[in-house]
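Below is the structure I would like to discuss, written out as C-alpha cells.
Each chain carries a letter (A, B and C) given by its place in the written order, and its residues are counted from 1.
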Amino acid sequence: MNPQLFPIVLSFGVATAAMVMVTPIGTGIAWVQARVPHPLRRAVDVLVLLPIVLPPTVIGFLLVVLFGRQGIFGSQLEAILGVRLIFTPWAAVIASTVAALPVMVKAAQPAFEAIPRELEDVGRSLGLSPIAVFFRVSLPAARRGLLAGMVLAFARAMGEFGGTLMFAGNKPGQTNTMPLELFAAYQAGDDARAFLYVAILVGFAVLVAIAAGRLTPKEGT
Amino acid sequence: MSARSFTRGKGFLAAAAIALAFTACKPSASEDAAAPMPETTVAAATSLRNVLPALIARYGVAGKISVTYGASGDLRKQVEGGAPIDLVLFASRKPVEALGEKGLTDGEAVRIATNRLVLIGPANAKPLTFKTLDTIPAGDHLAIGDPGAVPAGDYAKQALQKLGSWDALQDRIVFGGDVAGVLAYARRGEVAGAIVYKTETQGIADIVVLDEASDEYAPTAEVIGAATRGGTSLAGGKAFLVWLATPDAQKILADAGFGPR
Amino acid sequence: MSAPAVEASFSLAAGGFIVTADLALDEGVLVLFGPSGSGKSLSIKALAGLIRPERGRIRVAGTTFFDSDAKVNVPAHKRRIGYVPQMHALFPFRSVAENVAFGLPRRERRADNPTVLALLDELGLSARAKEQPSKLSGGERQRVALARALAVSPKLLLLDEPFSSIDQDGREALGRLLRATLERHKIPAVFVTHDPDEALALGDRLVRFEPGRTSESGLPATLVRRGQPVLVTATLDGAARPLDGGRAQVSLAGAVVEGPADLLSPHEGNRLVLELRTRPRNKR
C-alpha cells in the first residue's frame, strides 16, 4: 500500500477496533455505575477517570511495564499463549481503547441515569427480565447518549499519541498511525506530509464535533 | 464620598505607575553595574547528554551555559521556529547545513568529534551481528532511531542499505524517537537488538554489545557544531565552540568514548 | 369463589422511614387513600415486586409472591401484575401501538396484533395508533399506559395516581373509562390517590394511609369523611317535593347536625352547605 495512505487506513482501523472494544465495556461499566448500588462506586469512578487525567506518557509507560515482553502480564501472555502485543497494531488498539474508555463511560453513564425509573419499572411489570429490561428499555432510551459516546470515543482513539508511541512504537507500515506519522514528518522537517495528516485529522475532528453536538440530548428532552 | 474616592483612586494609580517605572529601570541599572555575561544556550543531540555536563564543568567559570537536549531533527525545527539558541551540537551534518541554508548559523560548521555505531541487545540476547541481522525471527524487532529525525537512525539506515538488508528488515524494524529511546527498548528487553552509538553503551549494565559497525558499510558518525544567531549570546556560543576543539575538551570526549575530530 | 385479589401485610423500609401496611381486597378496586409521602406508592411497588419488604406476606389471587418467613420473593417480571405510574409511563422510542404490544411475546409483538387493536379501540386510541407518545395529551398517554398493562392479561392492576397530571374534566372521564374497562376485563385493581372525590368514585374498598402506615379500611363513603358519619336530626317542614331524575327536595326545621368539626364550620355567612354523596355500587 502507498506509504502515505497507510497511516490513514491504519488510524481508521485502529480507532474502529478500539470503538468496538470500548462500546460494550464502557456501556457495561456505565450501566453498573448508574443502576447497581455497590460499595466500590466511588473507586470505579476514579479509576475510569484516570486515563483522561493522566499524561499519555504515564499511560504508555504503564502499558509497556504491564504488557511489554518483560512485563508482568506480557511475559505471561507470551509464555502461555505465545501472544506478543508490543510493537504490533494491537498495541495501538489497546492504547487507544484505554484512552477512549473514560470518554465512553462519561457519556453513557448520564444517559442511563437520565432514564426515568418508571420506564424500567413498567418494563419489569410487563414481564421483562432484568436483562430484557436492559436491552429493550434502557439501551433504546439511552441510545442518543450512547451514540454520542461512541462517536467521541472513536475520535479520542484516532487522536491517541503518547501511549501509542511508547507501546506500539513507530513501525512504518505497521503501527504508524496518523498522529505518529504526523510527528515523524514534523521531526524530519517534512511539513508537506505533516499538513496532509493535519488536514485529515482536523476535518475529521470537525465532523465529530458536529455529530456529537447533534446527538447530545438537548435541555428538557 | 465620591470625590474623595476618585482622588484616592487617582493617587493609587499614580503611585502604581511610579513603582512600575522603578522596577522597569532597575534591571538595566544592575546590569550595567555588575556586567556578567548573559547565559549561553546550547541545543545538543541526545547522544551528548552524558558528556556535556562534564565538558561544561571543565569549561567552568568562563561562562554560564544551559543545555537543551533532543533528537537533532527536533532541535533543528525548534531553532527554525525561533528558539533562542546560541550554539547547536548535532549528531550529523545535515541538520546543521539545513540551518545554514536558512541563514540561521553564524560562521563555519565545525566537527568536534566522531562516533561509532554499535549493535546492542538486552542482557540475555542471542548472538547477532550487523551482517546477520536478517536472522532476527519474525515477531522480534530491531530498534533504530527514526532516520528522518535521528542521525543515529539515518546512519543505521545507510549501513543497512549498504549491507543490503534494509528492505528485508522492514517488517521487523521499530523506530525510536531519539537514541535514548532506542537504548531504552534494548535495556527493557523489548527488542532483539538495537543500533545506537558506542558512546551510549558506557556504564550501562543491562545491555551487551553484540557487534561494532565496520567502516566498510557504516558511515562515519560525526558531531557537528555551529553557532546560531537568534540567541542571547552569540559570542558565548562561538567561544564555547572554539573551546570544544581544544585538547582539554577533546580528552573529555575521548574518555566518554567519542572518536577523534 | 375465587381467591381474594389481594391479601398483603408487610412492612418495608425506604429512604430512612418505615411503612407498615395491611391491604385486603376480594374483588373490584381497592383505593389507597392518604396524604403525600404516607407510603402509598411504596406499598404498591411492594405489591408489584419492584421493592422488597423487610417482613410480611403478599398474596395475589391466591399465589404467594412474598413471604419473609418462608423466604419467598417472586421477582417482578414473574408476577403478572400490571403497573401504571404517575408519569413517564410510555416508552418514548416506540409508537402508541408498539407501546401497547410491548409486553407481548415476540411473535405477537406487532402493531397489528388483534389484542392490541381491540384495546386501542376500547380506549378510543385507534386514531393515534401510529403516533409517537410525545404527540399525545396527558390523558391519552395514560390511556395508552392502561391498554399496555391490560394487553398482557394481568392478574392485578396497580395504578399510582395515574390522573394527577391531568385536568379536572379529563379526570372524571378517565375515571369512568377506567372503571368500565376494569369491569369489562374482570381485573381487580389497586388505585392510589390523595383526592377524596377520586377515591369515592373509583373505590369499592378503601384503605386509609397515615404517614408510614395503614390505619383503617372499609367502604369509601364512610372512610373518606374521616371515619365519622354525619348525623342530621331535624323536623320535616312539609312533604318532600319530587324533582326530576329520581331526586327530591325537603325542608327541615330545627335541624341539629353532628359530624366532623371542619365540615360544619359555616360558609357564606350563616349558611351551611353539606354535600353527602353515595356512589352507585355494582353488585356482581
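One rule holds for everything that comes next: contacts are C-beta pairs under 8 Å (C-beta built on N, C-alpha and C of every residue); 3 or more make two chains touch, one makes a residue touch a chain.
Keep in mind the model is a prediction, meaning the values are calculated, not measured.
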* Specify the contact topology among the chains shown, as one of line, ring, star, complete or other. => line
* Asked: For which chain is the distance between its Cα centroid and the global protein Cα centroid smallest?
  -> A
* Asked: When the C-alpha atoms of subunit B and subunit C are each averaged to a single point, how far apart are the two points in Å?
  -> 83
* Between subunit C and subunit A, distance of the C-alpha-averaged centres to the nearest whole Å -> 49
* Whole-Å separation of chain centres (CA-atom averages), subunit A against subunit B -> 36
* Interfacial residue positions of subunit C with respect to subunit A in the complex -> 45, 48-50, 75-89, 91-94, 102-103, 145, 148-149, 152, 158
* To do: Provide the residue numbers of subunit B that touch subunit A in the complex, in ascending order.
  => 71, 73-74, 76-77, 98, 139, 141, 143, 146-149, 170-171, 173-177, 185, 188-191
* Of all residues in subunit A, which touch subunit C in the complex? -> 116, 118-119, 121-130, 132-133, 136-137, 140-141, 143
* Quick one: in the complex, what on subunit A touches subunit B? -> 64, 68-70, 84, 86-87, 165, 169-175, 184-190
